[in-house]
Amino acid sequence: MKKIITLGEVMLRLSPPGNQRFLQTKSLEVEFGGSEANVGAALAYWGMDVAHVTAFPDHEIGWAAKAQLRKNGIRTDFVPLTPGRMGVYFLEHGAMQRSSQIIYDRADSSFSQLDPKALNWDEILDGADWLHWSGITPALSQNCADLTLEGLKKAKEKGVKVSGDLNYRSNLWQYGKAPFEIMPELMEHTHVMIAGTRDFNQCLNENVKSFSEAKKLAFSRFKNLEYIVKTDRESHSSSHNTMAGALYTPDNTFSSRKYDLTHIVDRVGTGDAFAGGLIYGLLTMEPADAIEFAMAAGAMKHSVPGDILLCSLQEVHDLANGESVGKIKR
Amino acid sequence: MKKIITLGEVMLRLSPPGNQRFLQTKSLEVEFGGSEANVGAALAYWGMDVAHVTAFPDHEIGWAAKAQLRKNGIRTDFVPLTPGRMGVYFLEHGAMQRSSQIIYDRADSSFSQLDPKALNWDEILDGADWLHWSGITPALSQNCADLTLEGLKKAKEKGVKVSGDLNYRSNLWQYGKAPFEIMPELMEHTHVMIAGTRDFNQCLNENVKSFSEAKKLAFSRFKNLEYIVKTDRESHSSSHNTMAGALYTPDNTFSSRKYDLTHIVDRVGTGDAFAGGLIYGLLTMEPADAIEFAMAAGAMKHSVPGDILLCSLQEVHDLANGESVGKIKR
Amino acid sequence: MKKIITLGEVMLRLSPPGNQRFLQTKSLEVEFGGSEANVGAALAYWGMDVAHVTAFPDHEIGWAAKAQLRKNGIRTDFVPLTPGRMGVYFLEHGAMQRSSQIIYDRADSSFSQLDPKALNWDEILDGADWLHWSGITPALSQNCADLTLEGLKKAKEKGVKVSGDLNYRSNLWQYGKAPFEIMPELMEHTHVMIAGTRDFNQCLNENVKSFSEAKKLAFSRFKNLEYIVKTDRESHSSSHNTMAGALYTPDNTFSSRKYDLTHIVDRVGTGDAFAGGLIYGLLTMEPADAIEFAMAAGAMKHSVPGDILLCSLQEVHDLANGESVGKIKR
Amino acid sequence: MKKIITLGEVMLRLSPPGNQRFLQTKSLEVEFGGSEANVGAALAYWGMDVAHVTAFPDHEIGWAAKAQLRKNGIRTDFVPLTPGRMGVYFLEHGAMQRSSQIIYDRADSSFSQLDPKALNWDEILDGADWLHWSGITPALSQNCADLTLEGLKKAKEKGVKVSGDLNYRSNLWQYGKAPFEIMPELMEHTHVMIAGTRDFNQCLNENVKSFSEAKKLAFSRFKNLEYIVKTDRESHSSSHNTMAGALYTPDNTFSSRKYDLTHIVDRVGTGDAFAGGLIYGLLTMEPADAIEFAMAAGAMKHSVPGDILLCSLQEVHDLANGESVGKIKR
Amino acid sequence: MKKIITLGEVMLRLSPPGNQRFLQTKSLEVEFGGSEANVGAALAYWGMDVAHVTAFPDHEIGWAAKAQLRKNGIRTDFVPLTPGRMGVYFLEHGAMQRSSQIIYDRADSSFSQLDPKALNWDEILDGADWLHWSGITPALSQNCADLTLEGLKKAKEKGVKVSGDLNYRSNLWQYGKAPFEIMPELMEHTHVMIAGTRDFNQCLNENVKSFSEAKKLAFSRFKNLEYIVKTDRESHSSSHNTMAGALYTPDNTFSSRKYDLTHIVDRVGTGDAFAGGLIYGLLTMEPADAIEFAMAAGAMKHSVPGDILLCSLQEVHDLANGESVGKIKR
Amino acid sequence: MKKIITLGEVMLRLSPPGNQRFLQTKSLEVEFGGSEANVGAALAYWGMDVAHVTAFPDHEIGWAAKAQLRKNGIRTDFVPLTPGRMGVYFLEHGAMQRSSQIIYDRADSSFSQLDPKALNWDEILDGADWLHWSGITPALSQNCADLTLEGLKKAKEKGVKVSGDLNYRSNLWQYGKAPFEIMPELMEHTHVMIAGTRDFNQCLNENVKSFSEAKKLAFSRFKNLEYIVKTDRESHSSSHNTMAGALYTPDNTFSSRKYDLTHIVDRVGTGDAFAGGLIYGLLTMEPADAIEFAMAAGAMKHSVPGDILLCSLQEVHDLANGESVGKIKR
């Protein structure tokens, strides 16, 4: 059992049941999710010792968010209840040729306003094996950018392995900074980057044309970087995607099998499940197995409602090994 | 913004949730729908000024039906509350190889008993750009046939463009008239007909063998006819259809792309969404774009529960243009 | 109308709604099902006179189980209320690459403890045309093995045709006997066996390598055996299977068409629907039609929630004949 | 176990969940109910051999209605599937000072159109101990009035005891006859009448001022009449009533205790539960116990959702005896 | 039919079903409500011509809010789609001794940021008979205070009658102004004030001890003031209140009967239903009848889920007159 | 923050929604509950450091039970996954005069089969302030009796305060021992007993007639006993109880106010909420306040669905102090 720290905002997710649109629904299903906590939940479910770092408002909905982290097996020692709103996102599930829609309502959340001084990274990272962050956090506010950097610096100091999902989102970064003013320093301290060409271009203010070029650039610029990881997804419709993953070292490429993902149940959190699988894989397997495990975790998530991959180690291993897929297990 | 009048019965639709059969359900989901009002709702959602002409019984369920029209953005100035029942249809959603089933319970509805004198077509059509009717209305009762004819005559007088979805249904026409005794006169006043070979044969008491023959016959017989429009659908199963549309002038054919419609959510109202898209297209686009827009609207409807296409102009345009299908829009 | 007797345990089935996992559900949907009663329900729905033989505990849930049999059109004259638990099975529906899971909680059920003397087979089989049993029953307890044998002996005495679904399940047979100590004598009295190679090997303590070998063995060993029936299923995923059936006499093979089963609604009970269709077919059709009817029934069940095939004769015939699949029936 | 025949229409009942109004509901809960079948269901649940006489349309919803009767333990040997609609009633549950609302949509039901010749009363009443009818049936149509009369005549011939719930409803009797043209002859053959002053006045075209006068009149006019039974209810609100029952012979009055009925769950069918309890009581107890049992059954029904009293003999006896009310039974 | 304008924020209301707490719910029921629009909806339902003035964000949830106003019969001509959030309030229904809880999340809503210049009060009030506002609006932002004042000035200019529900709420007024800096000028233009002692004290920066003193003060200070209206509520528990209303002129007091409100379904919006009833009453009745009608409306609302009184004129009149309370209306 | 250990079985609780009976439900709501863990959950919610000692089967439902404990804020360090079933109880909520019903299905649960050697009480009680047990545990099996005794002995050794809810249940004690053979030794080590006259009689094989006699007996026999606590409940109906609590020392009696509990939402777990309140009270208050706090907690629980009191310290204090009961808290 490894000790893993994840950092990031957790939002209240509200979605119309089934295939209903916002315009017709009379109820909204409640989940709690956030990219990095979703990663942590997958890892906790597989037996890792995971603590998530975030903040919630001090009212019943904030308490419910915290309780849900606990239910998912995540330690909440570093989750203060602070001023601010509960971040919300409204999710309408797409179907067929109709796209899924997300309406974010996360401005002024408790986490985005969290004072970096409120976190004692020395204590948080005590005994930790791994720290996971994503590009969403520094995109939320200067406070969030600052506290991420502090965490990464302390991780370096303590020799904690760091993974970062660059995850550039154009509708964030509203607080006056561009990604390339913030991200490069964070990337300096990151050993595993999940990123595609566009992420590298936006974060580094570059304009390279191909992933191989981006990869070369990143490995040459960031000396601590050990792995770049990328997924390739084709969206035939909201109900049908195909997807594969690949893990790159400066010298090698490890590719997963390609999955045909049809009858999709919930598309959200599939990248996070992949990232969780990746961390698990890199902590316990050879690279070729790690990317296969990661992609199986990502594929599996498409079948589970909510933000979180609720699949056992056995289930992910079975899929990675191509065993007994789609049978009834009695 | 154009002013559009739609005419027809609106029924209470009751269907078991999900894939349940009538025999096992403990609840029925409530929608209100009717072919022509469905057309109107799509148009209203896209910003057109739509008024629907119908009638409801004067009790809470009739009021609810009227409120639902308003919610859909339809004006209800011409919706009297009159004696008679609320028309009902029970819909069981099919799945896989199992067909959908509809049990109609619409006899003696307020609309079917509506006195043609109760409608002031001069006022209804005042300033209107378009009138849409379907072959379901004259099939309900002599009253309904009469009021349709009065509307169409007044439309001619006022120079209002008219579309008609011939929509022959063998289980209607119970009041002693055959379609060919009623429909030809209505078709005389119609500029755009949505119809296939069987519709023409039944309405005109003909027996032509091919659509091209039917089309020729129609254009030669009806001098006001500008467009014939038709959809071709293949039902591989209740969950999987393919479909394309075509628009015919006497001299030209404009065909849409063909859609692969799998993971179908709700098959009902897809023809009405197509008709709504068609009217929108013909009012604002060239024919080739109009049929593409119409078919995109029809395709999109398969993904939305209920009778009504609740998709924005942007969404339909995106699909017609093949853009960002099946992605998550944030 | 033929008189058919079915024998076996009926359990309370509890499953999370939709695609939810046990870990996240707040409610469980209630069905009642058991392999042999599922067969009986299909037959009753098609107009046969069916009585099921089982036992329930004498409390409200046992009464509910009995009421559900009645609702399904099954006579419950031979369903005593006796000491013991209500057998339960928890079913989590799979989706995509994620398998369905069943957690059985059936130990010490009223049926498994039923005293063979409590059943008067002479009365039960009075006027009966057919008796159906499965390999699940003798796997539950010595009592159940004994009462099955008594029923089969009495059937032989009265000239009642017998079908048996061998259905070997490794997680049963916990009471100290191996299948080969019990099953051969039961198979002696069985005219129609639904079984694959593994079933024959387990029940007869053999180790044949192919179905054709198993079939040969069975026909040579069991002199009363008239038909062996088998389904072949490929599980591409929990949402997509392909399946075909075949009926074997010592000299002939009758094969059904192969069905592409995608968008699966409920995988449970499909073998029972097939068995029900088979019995109906063998009672009323030629073998080639019977296997086609059986396979259409089995295919249809994949689209119906719950354990029971709730499809009319007309629907199954239409599918067997390839008519109007996936249309809206009005 | 006595054999009891009940006669009357069974409708599909559709009601918004909880306290919702028709105007706001997105779903309707499904029950099947009808005054006389409700009586039969209570009796069947208590172990009586009950057959209900009615008719349903031959489609899935008619089949579902019939299946529900079976589930309730009622024999359906005399339930033909005949032309006509499924009768429907829409029920909105009241709460507090807001009244419950029923919108009837029962015109042209299969039962109301049932040909009296379709029923073989000789067979139906063979071996019967009791026949129960209500004033709703003869109010539906001439056919229904006729078939009720035939049943009652045959009951007299065979010495079957008859109870009738006069149940005058002003919104029925639409087919051209007044109650007093039909009811008196039916009352001639009735031994137990459930009725209040208004019922007697309407059915007999009288205008007596008090119940005691009405009672005197009835006993003097109807020589077969043994008991008159009446309930007295005060409606403080939809959620709170008080209620008591009384049983009258020409010479005696037997009164039940008075129940304080607050937190009402479902008001519908409470009179039918009372009637069921009355029949059970008169068949098995002394009059004083019978009215107490009847009233306990009626009181209990206020706590059960749906039309049917789903309470065991033990539960009703316990309440009648004032035992362990409102405890948790483990 | 009178023409009535209402002004104020409409929020998305999200509440756990039934009696669930935020901490345990898996879904939230969706309603849209706001004090003044609730007033408008009641009036529209009774046949008044109502237009509501507010603003929503331009996304699907904003559109849904606007559609809901239309469904409620309210004209939305003056509802621009503008930048900002959708205001949200989370409501947990209390029960028994447990209080209801509201978590407001309304900061930065589109309405609170609405530019006063975006509203053309001359057009809005054209032909209007009545304008209704509440003290919530000027408490939201300076913009909202300004646009309220502009509306009231224009109303004065046009001779439109004005009612205001002072409704002081301590958790609002966050934008740097105290109520007494804003409210007095608004009150100047108001003819009917709904207010209690605390409201007057807060709005006028006074500290009077009794309502009669407050009333005297208000009538002496505000020369346009015609009526002060007040409700008195005792909360025995969340499920049981008693309540009465009174209408004061400088010289007279008109008191309603006192209602015993037990089995409360939804406490929210009861004051708004009262206000709606009051406006209806003052427009169409004598004061003594008006306050009785208002209180009946307010009482009735306790039985209806959601923010809106969905009760017909007939229902409110019946209750005001004490007729047929708690019966089943067929 | 005190450290508290609770010990006992946690079951899967399945109940029909709302007021439905087992016979009519199509779904069962899922909760997890057990008397002692319910006590622990209340204490954890109020900020205590609570660990619960139990065992679950090693499958998804066992994992879900464990996750629910975590969600409730309870540490699960001492919850092994062991062979055996998941204990189940089926709960039907009563209403009005109809009683609630519980069908237990807990035989052979993992907890009941737990090997006492599997628990390291020295570690469990390390640093603990309080241990809570109930009479249910020793009633389940010899193993359970043994492990309870071991825990109590170790508590004595370590000076941990012990409370026990004697809770005699006649339908337990099936393993061959009578309560009086087991309970006295456990009571020896218990400082706070929640018990009534019947509990004392059954556990001590006595037959005293009054509580004061029982109290005297207990205090004289058990030298470690500091407090006896008792609740008095009157069940007017399932929807309406009255209840008060009292705390006894050898010399004093402290009585709580008496609560009128009407509109009951969920009766289950109210005694556990009381016990939780009692422990909280005894740890932090004077006896007179403790019993008032305990009774407020118990009263509050009647309003919360599920087994667990999900009410904040503030809410319980407010009720104990009689503040703002039944208001809307904004």
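The first chain written gets the first letter, and so on, giving A, B, C, D, E and F; residue counts start at 1 in each chain.
Note that in this section contacts are C-beta pairs under 8 Å (C-beta built on N, C-alpha and C of every residue); 3 or more make two chains touch, one makes a residue touch a chain.
As the structure is a computational prediction, the values presented were derived from the model and not from experiment.
**Q** Please identify each chain that touches chain A as well as chain D.
**A** B, C, E, F
**Q** Can you name the chain that lies farthest from chain C, using the mean of each chain's Cα atoms as its centre?
**A** Computed centres place E farthest from chain C.
**Q** Check A-E against D-E and say which one is joined by more contacting C-beta pairs.
**A** By number of C-beta pairs in contact, D-E is the larger.
**Q** What's the chain with its C-alpha centre farthest out from chain D?
**A** The chain farthest from chain D, judged by C-alpha centres, is A.
**Q** Find the geometric centre of each of chain C and chain D from their Cα atoms only, then give the gap between the two centres in Å, rounded to an integer.
**A** It comes to 41 Å between the two C-alpha centres.
**Q** In angstrom, rounded to a whole number, how far apart do the mean CA points of chain E and chain F lie?
**A** 45
**Q** Give me the residue numbers in chain A that touch at least two other chains, ranges are fine.
**A** Touching at least two other chains: 18, 21, 23, 26, 67, 101, 262-263.
**Q** Within their complex, state which residues of chain D touch chain C.
**A** For chain D paired with chain C, touching residues are 67-68, 70-73.
**Q** Please give the residue numbers of chain B that touch chain A in the complex, ascending.
**A** Those residues of chain B that touch chain A are 18, 259, 261-266, 299-300, 302-306, 310-311, 315, 319, 324-330.
**Q** What residues on chain A touch chain B, complex-wise?
**A** Within the complex, chain A touches chain B at residues 18-21, 23-24, 94-102, 104, 169, 171, 235-241, 262-263, 267-268.
**Q** Name, in rising order, each residue of chain B that touches chain D in their complex.
**A** Within the complex, chain B contacts chain D at residues 14, 17, 21-23, 25-30, 59-61, 63-64, 67, 85-86, 88, 90, 92, 101, 103, 105, 107-108.
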